[in-house]
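These are the structures in question, set out in turn.
In the two assemblies presented below, chain A is common to both, partnered first by chain B and then by chain C.
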Partner chain A sequence: MGKAFDLMLIIEFIPTLIQYLGITLQILAASIILGLVLGIAAAIPRLYKIPILNQLVILYVSFIRGTPILIQLFLVFYGLPAILLLLFSIDITRMEAIYFVIITYAISNGAGFSEIFRAAIRAVDYGQTEAAFSVGMTSRQNFFRIVLPQAVRIAFPNMANSVIGSLKDTSLAFTIGVMDMMGRGDTLIAATAHALEVYLSLSIIYYIIVVMFEKIFSKLEKYFNRYQKADVTAVA
Partner chain B sequence: MIYLQGIKKSFNQLPVLKGINLKIEKGEVVTILGPSGSGKTTLLRCLNFLEKPNAGIVQIGNIIVDSEKATKKEMLAIRKQSAMVFQHYNLFAHKTVVENVMEGLIVAKKVKKKDARHQSERVLEKVGLSDKLHHYPSQLSGGQQQRVGIARALALNPEVILFDEPTSALDPELVGDVLSVIKSIAQEGITMVVVTHEMSFAREVSNRVLFMDEGVIVEEGTPLEIFHAAKEERTRRFLQRISGESFFTPLKEQVN
Partner chain C sequence: MTIDIPFIWIAFKEIIKALPITLILTIVPLLAGFLIGIGVALVRIYKMKFLYRIANGYVSFFRGTPIIMHIMVIYFGFPLLLDQLSLRFDLGIQTNKIPIILFVLIALTLAAGSYLSEIIRSGIISVSNGQMEAAYSVGMTKFQAMNRIILPQALAQSIPNFTNIFVGFLHTSSIAFLVSQKEVTGAANIVASVNLKFLEAFIAAGIIYWGITILVEGISFLLEKKVTAYNRGGVS
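For the complex of A and B:
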């Protein structure tokens, strides 16, 4: 155990820790954007039942869902340099740890997003597509003008949950040496031996950020639901 | 003008249309009657390739498509000849009333947005919805939604408007509104093919009535011929069953 508990330290640690919020948000933003791209790419073979690719995506999604993100992080951190060196003689062992974190979270988010997109696109009433065809739209026009906007509304609450989950998961990045808020907390504990106070400060910061995200998402959700009946609107 | 030759369609080896031949002149209003499962809705959907026939030739206006080797491009071309009014309205849920009507004009017909808006507003006025332009479909009653559906079809100014049981999903007291809108556009000389269970509508509005059963057109003729002097036993039995139901309507009205 560390030293005697000191309530004031919780407040004192916050400014030090919050300086590293930027890194946390960078990891989050980069992995969400890459995850979106990956998620769309992975949803297409599932929606159009493209042979082989479809099975690969199913395997990818089930593997990501079935393994802890911490292990995925280590697999990427140790595995990716080994594979690249072996196959392409590319040496990335000196690449900064943060990139491994971003890659891991992008792969993880991509799996989740692909399922969310697939379900959302399937959930749009086929009558909408028939109506689009009946007024002379092409498949592409139907997809981008009619189906996608409605799928976004359906997908949004799940996406928002994923983003918040992902934000919290970034706290694992310090395990491979990334100096994010959690990493800085780790060094603070080593320096001061006030572990409990550091973790309380961290939880306060994470909690406030998550609540802010939730507020923003709930506003966005209201916007996306503007054309739904009032009694259907589900604001968490 | 619409011309169908040898239209066949099966679902999982179950034949639904067994070789339909049909010619519809410009300005004609044709209603299709028949028991459920007779293939009347499938026939209508084959006209705009929402169902792709297994065999046969579809012609609308000057577009001719051999359905066996129909390409995407041909299907698109023939769809642009027609417009459809759906049983469940199928309005674009994320678009307002006026945007619903504009959508086809802007995207398929490449009309300028401003012109599309003017045209749409004019058509919506015709169906009595000028005060609902910026409402979303979810904010309208079924009857209002269907009138938007009709406006959406009408705005495209197609060779033919296809109506797929346009009043079947409506509350009884809203049916009248929608039918009177359809009647008024029928009188403008727009070609219409209507699948319906509204016998009074078929009788009063259409130039020609088709009776379908088991994937074939059993009988066709003027409303007078079909309703009062049907030649085929199957037609007479069907109409009897329907009128049997309406025998009770005056009684129901008395009760109310």
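For the complex of A and C:
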């Protein structure tokens, strides 16, 4: 055990913990991709105001925005097996915890994404649509060639924030027993009793990853904005 | 495994007793963080020497790492630090007597400070420079202009962002259960483990969080209307 606090241990722990970064990124990637699909599916009833489905999506988004991710995680972890068993008599209680995490984060991201898409599409000036129609485009051409490319540009910064938020949220996956970086950190604490050092190493890893993501996203944002005129802002 | 609907109500009554702790864990960090946030925002806007770099690092680090890390690092690190200090200067502080909630509050305050500083900063930047010039032209000092002209407008514009942060921290406070705080999620966990009815207990907790979120969003909507009543936009 030795000293109560050992600075060197922080550096020693990083290689051990970073091996589990893959799991964290897997959770992130899978939940983002599923979330995108879910988000698009949820945004359509809202944009076209399809009755009943519209209200259901409002309820879905409100619930996800209204409850902590931790509660959602527990609800999926305990609720999904119960529902599937009850309705379809499928037993998934032995499914690995990581799938529950991915499902939860996908549901959670889907709600966020649907709101982002909706806001972005509505933010495109209606004059653009009128202009597209005036040159003889069909409604479908207008959507894919005119509205969507502009909406992607508007949605991108919010999407980037969502992804980074989601990355930080994955640190809660260990609460249902997933062996990601946090889970490995827990076992390291049990083995070495150096909790502070483990959490500091984890903080450093997360920070570096988040900063890298921010750099990449800001490059992409510049790329998406390449046709925009420079913003004129009056900074105090 | 079936869902015991009546038990949700029993769990609800039990869990809602823990609501005050959740509210303390939400409101205290936000109020204390607001003061930090204004200070940090002003330091960053006026680019004060040295302080500016520290403020940038603080905001970047706390926004770049999951809040669970802040809670854990302070929960494990603060007692160690205080023990060392008390040993060196013979202060006679017994760290094991300090309630854990204090560490959680400190961690959440630091996190809230970083998030709020960004919101306040963007609020201040969004107030047009002409307002400052007008304030100077009627003979106000810099402090008066900031205090009477810029900040009220900046804060009024930031109400939707403040609501998001409030809801975010309401949900974040659920992490405190990992350091055995008996707030809503912690209470739900206890009710769940005692009765072995996990799903029902977390449904009840979810309803509580959802209800408060809807309430807060409603209040914020009314407040926003009232506070920005003077503000007539470009078209109306």
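Here is the rule we use: the second predicted complex is superposed on the first by the 228 of 236 C-alpha atoms of A that agree within 3 Å, B and C clash if a C-alpha of one lies under 4 Å from a C-alpha of the other, contacts with A are read in each partner's own complex, and residues count from 1 in each chain.
Just so it is clear, contacts are C-beta pairs under 8 Å (C-beta built on N, C-alpha and C of every residue); 3 or more make two chains touch, one makes a residue touch a chain.
Note that this is a predicted model, so its numbers are computed, not measured.
Once the two complexes are overlaid on the shared chain, A:A195 sits against chain C while remaining clear of chain B. Once chain A of one complex is fitted onto chain A of the other, the partner contacts of A:Q19 are absent, as it touches neither chain B nor chain C. In the superposed model, A:S203 lies in contact with chain C only, and not with chain B.
Which of chain B and chain C touches more residues of chain A is settled by the count: it is C. Contacts of A:Q55 after superposition on the shared chain: neither chain B nor chain C is touched.
In the superposed model, A:T67 makes contact with chain C only, not with chain B.
Contact with chain C, but none with chain B, is seen for A:G79 once the two complexes are overlaid on the shared chain.
In the superposed model, A:T187 lies in contact with neither chain B nor chain C. Across the interface of their complex, chain C is touched by residues 4-5, 62-63, 65-72, 74-75, 78-79, 81-82, 85-86, 93, 168-169, 171-172, 175, 182, 195-196, 199-200, 202-203, 206-207, 210-211, 214, 233-236 of chain A.
Against chain A, in their complex, chain B makes its touches with residues 48-50, 72, 76, 79-80, 82-84, 86, 88, 90-96, 103-104, 107-109, 136-139, 152-153, 156, 162. Contact residues of chain A toward chain B in the complex are 125, 127-128, 130-139, 141, 145-146, 149-150, 153, 226-229, 232. Per the touch definition, chain C reaches chain A in the complex via residues 1-3, 45, 60-61, 63-69, 72-73, 76-77, 80, 83, 124-125, 127-130, 132, 150, 167, 170-172, 174-175, 177-178, 185, 188, 198-199, 202-203, 205-206, 209-211, 213-214.
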